[in-house]
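What follows is a set of structures for review.
In the two complexes that follow, chain A is the common piece, with chain B as its partner first and chain C second.
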Partner chain A sequence: MRRRLRRGYAQWWFAYAMLVPVAIVMGLLVFYPLVRGILFSFTDANQYSIGNKFQPSSYNYIGLRNFRDILRSDEFRRVAGFTAVWTIVNVFFHFTIGLVLALALNRTLRFRGTYRMLLMVPWAVPSFISAFAWRFIFNNPYGFLDQLLQSIGWHDPPAFLGDPVWAKVSVIMTNVWLGVPFMMVALLGGLQAIDQDLLDAAEADGANAWQRFWNVTLPGLRPVAATVVLLGLIWTFNMFNVIYLITGGGPADATQIFATFAYQDAFVFKLYGQASAYGVIILSMLLVFGGFYRWAIARMGEETWA
Partner chain B sequence: MNLSRLRRVALALAFVSVLVAAAATASVRSSKAVTLTFWQTMNTEETATLKALVDKFEASHSGIKVNMVYVPFDQRDAKFTAAAQAGQAPDVMRAEIADVASWAAQGFLADLTKKVSGADKADYLPSAFAYDNFNGKIWGIPQVTDAPALLYNKKMFKAAGLKNPPTTMAQLASACAKFGKGKGLFIRGDSYFIQPWIWAYGGDLLNYAKKQILIANKGSVAGLTAYVKLFHSKCAFPDKDFSNDYGNMQTAFKNGQVAMIVNGPWSTADVLSGPAFKSSSNLGVAPVPKGPAGQGSPVGGHSWVIGRNSSNVDEAYTFIQWLSQAAQQAQFAAKNNLLPTRKSAYKDPDVRRNRIIVDFLTQMKVARARPVTPQGGQIYADFGPNMQKALNGSSSPQAALDATAKAWQSKLFPGFKIVH
Partner chain C sequence: MTVADPRAVPTARAQPRKRRRRGRSRPMSFLLHLSLLGAVVIAIFPVFWIAINSFKNYNDIVNHTTLSILPQDWTLSNYRHVLGAENHVFLTWLWNSVAIALMTTAVGVFLAATAGYALSRYRFPGYRAALNSFLVTQMFPAAILLVPIYNIVVHLGLLNTKTALVLAYSTVAVPFCVWMLKGYFDTIPISLEEAGRIDGLSPFGTFWRIVVPLSLPGLAVTCFYTFITAWNEVAFANIILIQNNSYTLPVGLRTYVFQFQQDWQYLTAGAVLVTIPAVIVFLLAQRYLVSGLTRGGVKG
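Up next is the complex of A and B:
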């Protein structure tokens, strides 16, 4: 055993040496903050007790009290509810619209390159710029949408950002618009990887267009689709920019998701202990997504994708 | 011969050593010249005034250089806190008044108690200077003061048959009703701007000394109830977008689409650039109306503070004390309509001739201090969303303020009592 280790070292020292910088950087930028964050989640640290150069830290370890307080609060339930709606509705529309566009662009049609380029625009623009643009579009009464509706005779258009329900619709619409291009490109890649012979064979066997789509195209897309849907779930779950920049979580906290709510706890109220507990809760939820994904992929017999 | 040569060498040596000594003292003196790092958060027009003043200061204080750095106002807390945590805070910082107590409580600021002279203490406006005093010590000196007032469009008032601005809350409602649908008054879904109503109806935010939370008391609820009623009245501009309503309010007022708004002196330069105010005399400024149980508008402003890690506290204080002198404050008053924080500055002819400042002074006389607490800036974060719930009808004013009080108690003021 020892000899084997020594031989392994002699054989691979160069590889280990190459890994060291990465390991150090990962340690400093990922693992150290992660461990600190987890430790803070068991404390009552805030801006006065966290300590700095001029005064020593004075926070206490309070066990699981932060978690208990959070899980028991009405706010948590409300935010969890909208986070779930936000994530599922967004990813659903990202996927369905992205798939329809990918199918359309997978065929030979005139100006296909132009369409592809135009459809990529929302993705190419930095998301905070898009968010600001949409914030102006949704403005009542000076925004584009309000003016447009008034000019066609709707004199009292809905309050896109002022009404709790409409504000939810507005931020979801914006994020759907932002997220479709990525899904479209990823699914287009998946479609092009499907063997044309399979589709031709199905056609020769008398399968109609719907049957070919359902029995050949969709199963062929599964590995790509599973990956991008999981990525989409994680990104959307944590999509901070759109909500923070368009509504700031308002009106009356109606559009808070976990990411924006934890930010408020940390950087407005500076309750670092409680905000860290939120961070740990968010992380655990994402770990559950990830675990479920690995399980699902393994069950499909596609270990290579996991 | 030999001797004289020796003497000459000695003489030359002496001469050289004198030169070296002179150079050495010169270099000692120049190493005494101090460079102050100065973070400031003013808008573009104010920065131009400030830059000219800094140049003037450097010209008259040969030992002190000032390295001025612009920090966006909304990032100041994050940036200053991060720098101060690491012991890298600037020598001089422009703080929003609520920052002073917060940063002092975190140990980031130099104690100026012994530096502020008796004459200065007597000259600063008490309402502005109050924010620099925390825990019995002085942590800053006031740069500018303000309070929102009722701004109105005189031409629209005349056309509606109104001679004078309303002086009571009842008159405000009836004056608003004289205008067409949505044209009377713009009031916002922002908790800073509802404070005059809280005070007008006998409510309050906090009593820090007695450890009491007063935001859910009878008067506060009456204030919010009146505000909600006014907000939904036909003559109020339909405020359908809380996240953009500051800009919308300014646009509507500048275009002459609404007759009255509530805003501070900082906004007047923008208002006067609007088409409805081509003639600047069309802008009326009056105190926020009196209510059945009081009157008030929140005092705001900025202060100069010194980082605790600064190794040049003396020079930094010399600089901020000079900036806050009456002559310098008068420059900001003349060029930027900013209200001085010294009684003596109001004797300056330029200040006395500035109509907007004079009008806002009547508002300052009935302005109220916000609570001077480390959490003074954070109280609005929970107050705002709850107040919006009352405005959109998803909760009653009482329930909204109860929720605010509970949030303050759990997040900001543990151990305080909620007084109804």
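Up next is the complex of A and C:
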């Protein structure tokens, strides 16, 4: 036993030495705050009791009360509902629109490079600028969309950011716009990696265009698609900027997703304990989902994520 | 482990395979171009709209009796205001953003390079746990760390400092860089290092003299992503920075339109100044970006 340990050390000391700096930093920057966040979630900490440099903290541990309150609240159900809609609708459109554009760009086509470059603009623009730009376009009453609809005869267009339903549509549209280029370029890379001989063989065997797409192209895209869809789901679930900068979660919390709602709980209402409990709930959801996704992909026989 | 020349990894930029142009009828070609043009218009319209409005004056923007695309009279006064007013505060924001993003990138890449290498080349006990912990941390929702990090920053008296933001951003940047760089190191043939070892280099020497120089493209992509992520961050910046002259760009620009009077003319001018360099750099770098990001994920 002793000898095995020593041999292990001799063999791996270099790898461990290379990992030490990161391990220390991650311990201090992620692990320690994480533990503190989890501890906060069991407290009633707020702006008065959390303490600061000059004043000791005075909050109490209240067990699972935060979690109970959150899970029982209507608000939680509403926010969970819109978070689910937000994530699924966004990634669905990212993927389908991205795939259609990728298929179009994968053809022999004049100006192909130019199209590709221009279609990537939404990805190139800093996301906070895009959020401002869309807020400006959706503005009521002098936003572009409002003006456009009026000039084509809709005299009383909705207040895009003032109406709960239209606000949801608006933020989702913005985020769809934002996320399509990444999917498009990733799927285009996947399409170009598909062996052309397979497609030719299928054609020689009499498969029509649809059959070739369904039976050769799509299966060939699966490894890339599995990865980018997972990335997309996580990014969208955590997307803070678009909602925060466009609607701030309003009107009347209609566009709150977990990321923005927990933020509001912490830094508008200063309910640090409750916000931490939200954080713990959100993290657990992501972990469960991530684990499930990997399991599902593994069952499909694809190799992703190491 | 993938052992392949990184340049052989297919990227979207790779030349289209030579293929017979299948008989596509003229109307089909026309439709294809028409739909792509439509997509292009939607893709670039917001940028165009921001740019055009930056040349309008306030009254022109809020005039909503008629739909006017072009400015009634072109003006540069918005740019003059943004660049000059309030003691050049816009330039201060720009500098804050650049400094914070650069420091985050330096911390992230510098720390992550060695770890990424260890994870790429050694299957030590605890390997899988380490790899998974980096993967999971990088996907942490900000919600779980916002409160504790804010609390720590307050207790350390770091509120309103760049240091606090660099620390906060490193929580995501470091694991992200580890993951990206591991993916890149995986593509570098191990035979070169074996040759280096035979020629008498130490383990660290092979890393520093052989692997790092070969990984410069991967390091560049990683830097780029880390920089952009820090550059775009709003949530932490919004709570940690509490004085106008310590704001980063997103927080600062937001002040133009979250007051009683929404000064879209200044916001658009500022946005153009930020967007032009960003788009140029992005389009120059784009050919490397996607392959860099998905490689780590597709091959373990």
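For this structure, a couple of remarks:
Everything that follows uses one rule, which is that the second predicted complex is superposed on the first by the 302 of 306 C-alpha atoms of A that agree within 3 Å, B and C clash if a C-alpha of one lies under 4 Å from a C-alpha of the other, contacts with A are read in each partner's own complex, and residues count from 1 in each chain.
Going forward, a residue touches a chain if its C-beta (ideal position, glycine included) is under 8 Å from a C-beta of that chain, and two chains touch if they have at least 3 such contacts.
Keep in mind that what you see is a predicted model, and the values were worked out from it rather than measured.
Once the two complexes are overlaid on the shared chain, A:Pro141 sits against chain B and chain C alike. Applying the stated contact rule after C-alpha superposition, one finds that A:Pro122 touches chain C and leaves chain B untouched. Of the two partner chains placed around the shared chain by superposition, chain C is the only one that A:Leu283 touches, whereas chain B remains out of contact.
In the superposed pair of complexes, A:Ala80 makes contact with neither chain B nor chain C. Residue contacts after overlaying the shared chain place A:Leu19 against chain C, while chain B stays out of touching range.
Applying the stated contact rule after C-alpha superposition, one finds that A:Phe237 touches chain C and leaves chain B untouched. In the superposition on chain A, contact of A:Val169 is made with neither chain B nor chain C. A count of residues in chain A touched by chain B and by chain C gives the higher number to C. In the superposition on chain A, A:Phe267 contacts both chain B and chain C. Once chain A of one complex is fitted onto chain A of the other, the partner contacts of A:Ile62 are absent, as it touches neither chain B nor chain C. Shared contact residues of chain A with chain B and chain C: 52-53, 135, 139, 141-142, 267. In the complex of the two chains, the chain A residues touching chain C come out as 8, 11-12, 14-16, 18-19, 21-23, 25-26, 29-30, 32-34, 36-37, 40, 50-53, 101, 104-112, 115-130, 132-137, 139, 141-142, 144, 146-148, 150-151, 177, 181-182, 185-186, 188-189, 192-193, 196, 223-224, 227-228, 230-231, 234, 237-238, 240-241, 244-245, 258-259, 262-263, 266-267, 272, 275-276, 278-280, 282-283, 286-287, 290, 303-306.
For chain B in complex with chain A, the residues that touch the partner chain are 78, 81, 84-87, 102, 105-108, 189, 238-244, 248, 251, 308-309, 374, 378, 381, 384-386, 388-389, 392, 394, 411-412. By the touch rule above, chain A contacts chain B in their complex via residues 47-48, 52-55, 135, 138-143, 159-164, 246-253, 264, 267-271.
The part of chain C that touches chain A in the complex is made up of residues 10-12, 14, 16-17, 19, 21, 24, 32-33, 35-36, 39-40, 42-44, 46-47, 49-50, 53, 61-64, 66-67, 111-112, 114-115, 117-119, 121-122, 124-125, 130-131, 133, 135-137, 139-152, 154-157, 167, 170-171, 174-175, 178, 203-204, 207, 228, 231-232, 234-235, 238-239, 249-250, 253-254, 257, 264, 267-268, 271, 274-275, 278-279, 282-283, 286, 289-291, 293-294, 297-300.
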